[in-house]
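Accompanying notes for the structure given below.
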Amino acid sequence: MAYTNLELAFVLLLLGAVLSGPMRSWRSAGWTAAVFVGLSTVLAWSDGLKALLGRETVRAFIVPLPTFGSELAVSLDPLGGGFVMLITGVSLLATIYSIGYMGSYRHESPRRFYSLLQLFIAGMIGVVSVADWLFFIVFWELMTLASYFLVTFERGDPKAVRAGFKYFIMTHVATAGLLVTAVVLWRSTGSFAFEAHKSGLALMTVSFRSLLLALYLLAFATKAGIFPMGDWLPDAHPAAPSGVSAILSGVMIKLGAYGVLRVFWGMLPDIGTRGEVMTWGAVIVFLGTLSAFVGGLAAMKENDSKRLLAFSSISQTGYIFLALGIGIAFAKSDTLSSLALLGLLGAGFHILNDAIYKSLLFMNAGSILYSTGTRDLNKVGGLASVMPLVAAAGLVGVASLSGLPPTNGFASKWLIYQSSISGGLHFAPFVAVAVVAFFVSLSTLAYSLKYFDTAFLGKPAAETRRPVPVPGTMTLAQGVLALACIAIGLAPVWAVNVIASVFGALPAETFKVGRVGGLAAIPAGGAVPALWSPVTLFGAFLLCFFIAEMIRRCGRASVRTVPGWYGGEEHADDEVRFRAQGVYSPFNEAFAKVYPHVPIPRLPSLGKLKSVFNLDSWLYGPLLRGGGKMVDKVSRSHVGVPQLYMIWQVAGMIIVLALLFVLIR
Amino acid sequence: MTGISPQLVHTLSLLMILTSFAAVEARNLRHSTIAYLAQALLICGLLLAYATLNEALYYWAATALVTKAVLVPWFLWRATADAEQETKPLIGFGISAVLIIALLAVMYKFTHAHAGLFVNATGELAALAETNLAVAFTVFALGVYAILTRRDAIKTVIGLCLLENGVHLSLVSLAPTIKETALAGIATEVVVTVYLLLYIIGGIREKFGTTDTFKLSELRW
Amino acid sequence: MSVGTMVVNGAVALLLAPMFDGIARKIRAIIHSRKGPPITQPYIDILKLLGKEDLRCTASVVFRFAPTIALASFLVVALLTPMGASPSTGVPGDMVTWIYFLTLGASAIIILAAASGNPFAQSGAAREIMMLLSVEPIVVAALITAAVKSESMRLTDMMAWNLANGPSVSMVSAGIAFLLALQAAMGKLPFDIPEAESEIVDGPLVELSGPNLATVKLALLIRQLVYCFLLVQIFVPWPALSPWPLSVIAALVKVLILFGLAAVIEAVSPRLRIDQSMVYMSRVLFVALAALTFAVIGV
Amino acid sequence: MPVEAASILPALVVIVPTAAAVLIFLLGRFTTWLREVLGVLGAAGALALSLAVGHSTLRGTVLTSFNDQFRADSLSALLVVLVSGIGLLATVYSLRYMRHQVQEGGLPHTTTVGRLRAYYGWLMLFIATMLWVCVSNNIIMLYVAVEASTIASGLLVVFYWDRRALEAGYKYLMLLTVGITFSLFGCVLVYATGASILGGSKGLLLSELKGAAGMFPTTTVVLASAFLIVGFGTKAGIAPFHPWLPDAHAEAPTPVSALLSGVMLKVAIYALVRTVSMFYPSFAPVAMFALALGVFTLVIGDVMALAQDDLKRMLAYSSVSQMGYVLMGFGIGTQLGIYAGLFHLLNHALAKALLFLAAGAVMYSTGARTISQLGGLAKKMPVTSFCFFVGALAVAGVPPFNGFQSKLALFAAGAGAGDWWAVIIGIAASLITLVVLVKAAKAVFWGELSGPASGPAVREAPLTVSVTMAILAVLCLVIGIYPKAVYSPLRAAAAVVQTISTQSPGLAAEHGSAPAGSRSALRAAR
């Protein structure tokens, strides 16, 4: 039987896990892992490209489980292909990054890192390359398990351990829902195959189907870190080693979006469910908007670099779900096909971009941690002079995170706004979504600038140790990602074409591709006309830059370096350093006053928002405490006196008799 | 198919109730031991009575004599060497007397009502079986009752013996005519367990200084 | 054609922006019953500054190039702004592009401030962002209203739609919301919170001098101009004179009126605290959202 | 229909460890090493014979000896191999562990090296009696064997002879004996009725009774199955008859705990299934009832486990819940259900034994077993922590470990039979299990080194200890990744048990592969 390269890649990863397992030295283990991940990346890309560009499904059959109506088989359709390429690409860079980064864990043993890392990658690849719920769940769990051990890599740190535990349990509770749906549909169809379950869903009553879909959504939204369910994210991502955080935030949480696509885009019955699909789309949009908003505001208040980025992950995943929902909402309508495509394109493109710049930024924050030993933005500053390249990469990262043209972040946000506004023409609430999205993107700008300014600009901080330069591998990984940001930003057309093929559509239905790679939305199929021609505009921008520089220089002013002016007094650098916590403090206080006055939407203040966001305090905490009380009561019934236990025996005996009489008579 | 005297069996089995009542209620462990001894002898008598139908039962009678009537009482006697008075039970004499009478009545009615369902003998054997089953259930119930309401570990052991007697009585009266019954009866002698329990109780007495089972509640929740 | 438009737009922005400021200062002086500087004063200031010594408080590259980037991006915004009434189809952008290039310039200034490492500058930068956060949503809401009405995200289409269909409730109220936010968008009193001279000595610009200061000042002036242009062209595009140079002139007149209005308000009102300004902005945002709702309803 | 072949093997399986026990009692007093060698030899011999039995039963023959008193079909074979295999591991584990316990004194107790003789002797007897349960074909002897295993293990439970041990031992013996006396009543009823139907000695033989069960009068069935469920259920730790279990499992020496939790419970549930399943075809409600009991048990067990701070008690309670899963499988009663029950029985035997051995290793090196006292051991005891995590995840049913396979089969079976409530509760409870075990694992092995764990003497457990754990861990992983390995024996074993009458028995023969029930269950469900 013919092996696909993907299987080969998978096997290679397992092999790498085995080989790099016993190694004692960080370097050798790291390079081994990097080599194996690199090889499997090449292989995976070969298959992914085949699936993506060929718009075909790479299939290979491995092991049958006929009695479960299930089979382990590679089935890589364009969607899976795209994700496989994303996963392997980011993971490879993260692995290379880790070679340098993990140098700060000399005291730990590399065994617990690289093997798990490769298992983690393998799990993710498995998730996106099967078309069978049973094995989907198996790989999903493998992924969760490996990532759990990676998150708790600093097992000496109780906070990390707690965070990992929270992550593990929350995702597992969600996955149980997945298991339930799988078993239910297996029962009604006798198979675990995606296709079979699609037909199974079609046969069910609306209410029951809605129940199952809700379970699906719960599972995937939890993994994706969508606001109410994704509460594990801001704890777990900072806790993990930065390379892992990059993968977690970069690709793993995107698999939640993958699942939503699989189910709500791929598995909903085609006929007679338009209203239903619309409803689910709206639900997803709502969830997305909510967590985009909450995540953005929470990030603005955060002073811990990695936590800030984690919240921003929540916010950006919110964007993805937002667009996803719009795409799904109109997916089944015949007239608004290209509007649906617009939404899906926006989501897909934003998945790609967020994967790139979010992993870049986590690596960036990791470099700060590596160099200064702290994640607290109050304790760092002026790092640009220590690591200029990292700073440059960080600048590109924050630029595209906040969607400044001409980076890739702008291109996808452009699509998202366009889809939400044109969606608003057909389903009014989506317009409000557009406004919120704009506001969130401004808050994104706010917190990303806060991150960049306080960390890299300004005066060096006195609190922390002298920053050490970061290894080349770390810089390399970030450089590659930064270049990717700009390249995709300048030529979004290519990306859009590829992503359109993921959804089996032709972009030409929606876009007129301009002479120089511009995108012009055609007013057809529900999309409104819009235009984004990056090359032209960037050309114009360069021209203007030239002019502006001319103006600036025309005076031939002489240059002199002087100390900063602090109202005429002399100050040491640290005294006049503007700390991160001060950045938006007026704003944050103001929020508390402002928002209650806003008639619509009536939002809690930032402070309250934090407490709303902190689900432990009002949801999980009481739940656990209540459960604990219950458990305690039950356990108190075991008083240890033998007679009591025997009374149970006899009572049980009598009950058994009675019940059996009832049952059998 | 005769040679077995119904009256004898009736009397013996009804006497068993009295003995077990005594064994449960006697405050002095040695007295209840003696009561148990008496009951053991009664069982042997019953076995002998049935043995006229099935000589295999003679072997059982013999072993029963050794285990029930000799070994177990002896163990109990040794175990109660230094503490003859049992610790105060949960339920006093009067109530338990009433309970036991009620129990007997219920069991009697029940078995006479439903015994036919699982007594497959005929004629007087059936009648015997019904009486015996009633008695057996009562004794069984008494054993359970003793185990539940008596705080003294040794008393619970006696209760256990009563349980076993009840089972044996039902065994012999349900399938008196089959050879294997004897084998079954012999195999299910509980004497080893009793010895082991008393051994452990000895240990408990030396560690805890008492045989009050309510004190045995350090391992809980 | 489009290239021509863009050239004109750029030229207008670069050359006339200081003049509007000069006029505004004149009006203010008159209200203060002063003589006031000549209208050309801003040109003179800028030219003088261009020649002055360039003092650098930091060697940061960002600090070096941020002023230019700010000016360049606001120029790009100017290119994208429909200044003449004729729908110049070729402009390679839409409302999203417009807003984001504006944001690009703003963030250039913010980064510049942060790079200077001066606390005044940095708190000014923070305030800048906060103003952005409270003003932009209003502008966006207004623009989205227009987009919904005209079913297009291209500014020129919005303008054309308004010209074709005449005023409508939603558009007018959106325009009013924009107008109420304009003062803050232009960074004039009572909303000049980011660079409050008497408070944080010009905020982001405190460390700037010579050509850098000139560039940033010019950039900020251009920003004021494009905001005004956007308002008048999208929400009150009438009269649509042709040929389009005429319409450009008409637009300039309208902008001039706006500037005068702004100058009057500036002259008579004290500076608000940022929280007060946000209360105000939240109210205005309400108006804008109401406009949007009207648009969705279809009035 | 499998061919029957007279063979001495089933009897030998029992006799060999018994002989080893006798030898230990006789010769053990002379030298220390002799009893250990004899012990290992006995267990190893038992394992070898069991494998032989398994081999021949896999080829479809049923071994009988002593005119059908001993009978080994594929179900017995599965249990026998399990018992003797884990028995051997526990014996090997004991070598260093028990010496350490009685010499350096891991726990406060009063034992002497001399009593190790009794230890190994009773250990062998314990294993022998459990094997006896599995191969006995005589319903009365089944009871006798179960009671005998109680006695043998009872002496092992009180081995330390301190307050806790004695209390645990008393409860253990008392509750179990009472419970098993119930089952004796059940056995007597079945025997008497069967004897009157089949006549004479046939009434004792399970293999014969199976056929006759359909003709039993209803009352007898009700009484008998009630007595049997309660009796053997007590032994199997089914709630609410479980309270002896945590005490005994926690206070016994660790290898014994591993045996108790790992196999003794399984042997008891085997006896339960052997006897009760004979009523399945004609009295389906019995199965329904078993299902309900199983679900109740798994909930209670998990809830109680949540409340524990003592590592071994926690494991014991989680055993209760897992036995609930097993009973649930048997209660579902379809072919797939019984297959799943057996599969989970196997997996839980491996995983829970592993967990107890790992906990023992922790006690071995730290002397502490209170979860809240321990912490950060992973640095000092990597192997142990690895094994514990494997065990925990396997029991919790996380892929790619074996527990997932069986639980999936279980839920599939429940779904197939339409017992939705059971499936939902089962899945939810398995999440609690996960919480319990992983929480304990991270508390013990992660975080800062604290309390007893920080002692200088704390180091990885000795070779014999860690090797036994490693073997079990590897087994868990292998079965989890390649479950096909155990399909055929499980299929054969499942085919032995009679299923409830929603489907024709022997469907396993119809299909090529193991959980053949699934499709038939589906057919039944449709």
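Residue numbering begins at 1 within each chain, and the chains themselves are lettered A, B, C and D in the order written.
Just so it is clear, a residue touches a chain if its C-beta (ideal position, glycine included) is under 8 Å from a C-beta of that chain, and two chains touch if they have at least 3 such contacts.
Worth saying up front: this structure is predicted, and the values here are computed from it rather than measured.
Following the contact convention of this document, no chain is adjacent to both chain A and chain C.
A separation of 44 Å divides the Cα centre of chain A from that of chain D. As a whole-number value, the distance joining the C-alpha centres of chain B and chain D reads 32 Å.
Look at where the CA atoms of chain B average out and do the same for chain C: the two points lie 102 Å apart.
Averaged Cα coordinates give chain A a centre that lies 71 Å from the centre of chain B.
For chain A, the set of residues touching two or more other chains reads 635, 638, 640, 642, 646.
Multi-chain contact residues of chain D (touching two or more other chains): 170-171, 174, 178, 218, 223, 246-247, 304, 307.
The list of touching chain pairs reads A-B, A-C, A-D, B-D.
Interface of chain A with chain D (complex): residues 66-69, 134, 137-138, 141-142, 145, 152, 155-156, 158, 161, 164-165, 168-169, 172-173, 176, 179-180, 183-184, 186-187, 190, 627-628, 630-632, 634-635, 638, 640, 642, 644-646, 648-649, 651-653, 656-657, 659-661, 663-665. Listing the residues of chain A that touch chain C in their complex gives 382, 384-385, 395, 402-405, 410, 413-414, 417-418, 421, 424-425, 428, 431-432, 434-435, 438-439, 442-443, 445-446, 449, 452-454, 457-459, 514, 518, 521, 523, 528-533, 536-537, 540-541, 544-545, 547-549, 551-567, 573, 576-578, 582-584, 586-587, 589-590, 593-595, 597-600. Across the complex, chain C meets chain A through its residues 6, 10, 14, 47, 49-60, 62, 67-69, 71-73, 75-76, 79, 91-94, 96-97, 99-101, 103-104, 107, 110-111, 114-120, 122-123, 125-127, 129-130, 132-133, 136-137, 140-141, 144, 147-148, 151-154, 157, 201, 206-207, 210-212, 214-215, 218-219, 274-275, 278-279, 282-283, 285-286, 289, 292, 295-296. Listing the residues of chain D that touch chain A in their complex gives 170-171, 174-175, 178-179, 182, 218, 221-223, 225-227, 229-230, 234, 240-241, 243-244, 246-247, 283, 285-286, 288-289, 292-293, 300, 303-304, 306-308, 376, 378, 393, 398-400, 404, 408, 411-412, 415-416, 423-424, 427-428, 430-431, 434-435, 438-439, 442, 445-448, 511-516, 518-519, 522, 525. Taken together, the chain B residues at the contact with chain D in this complex read 114, 117-118, 120, 140, 144, 147, 153, 156, 160, 163-164, 167, 170-171, 174-175, 178-180, 183-184, 187-188, 190, 192-193, 196-197, 200-201, 203-204, 207-208, 213, 216-219, 221.
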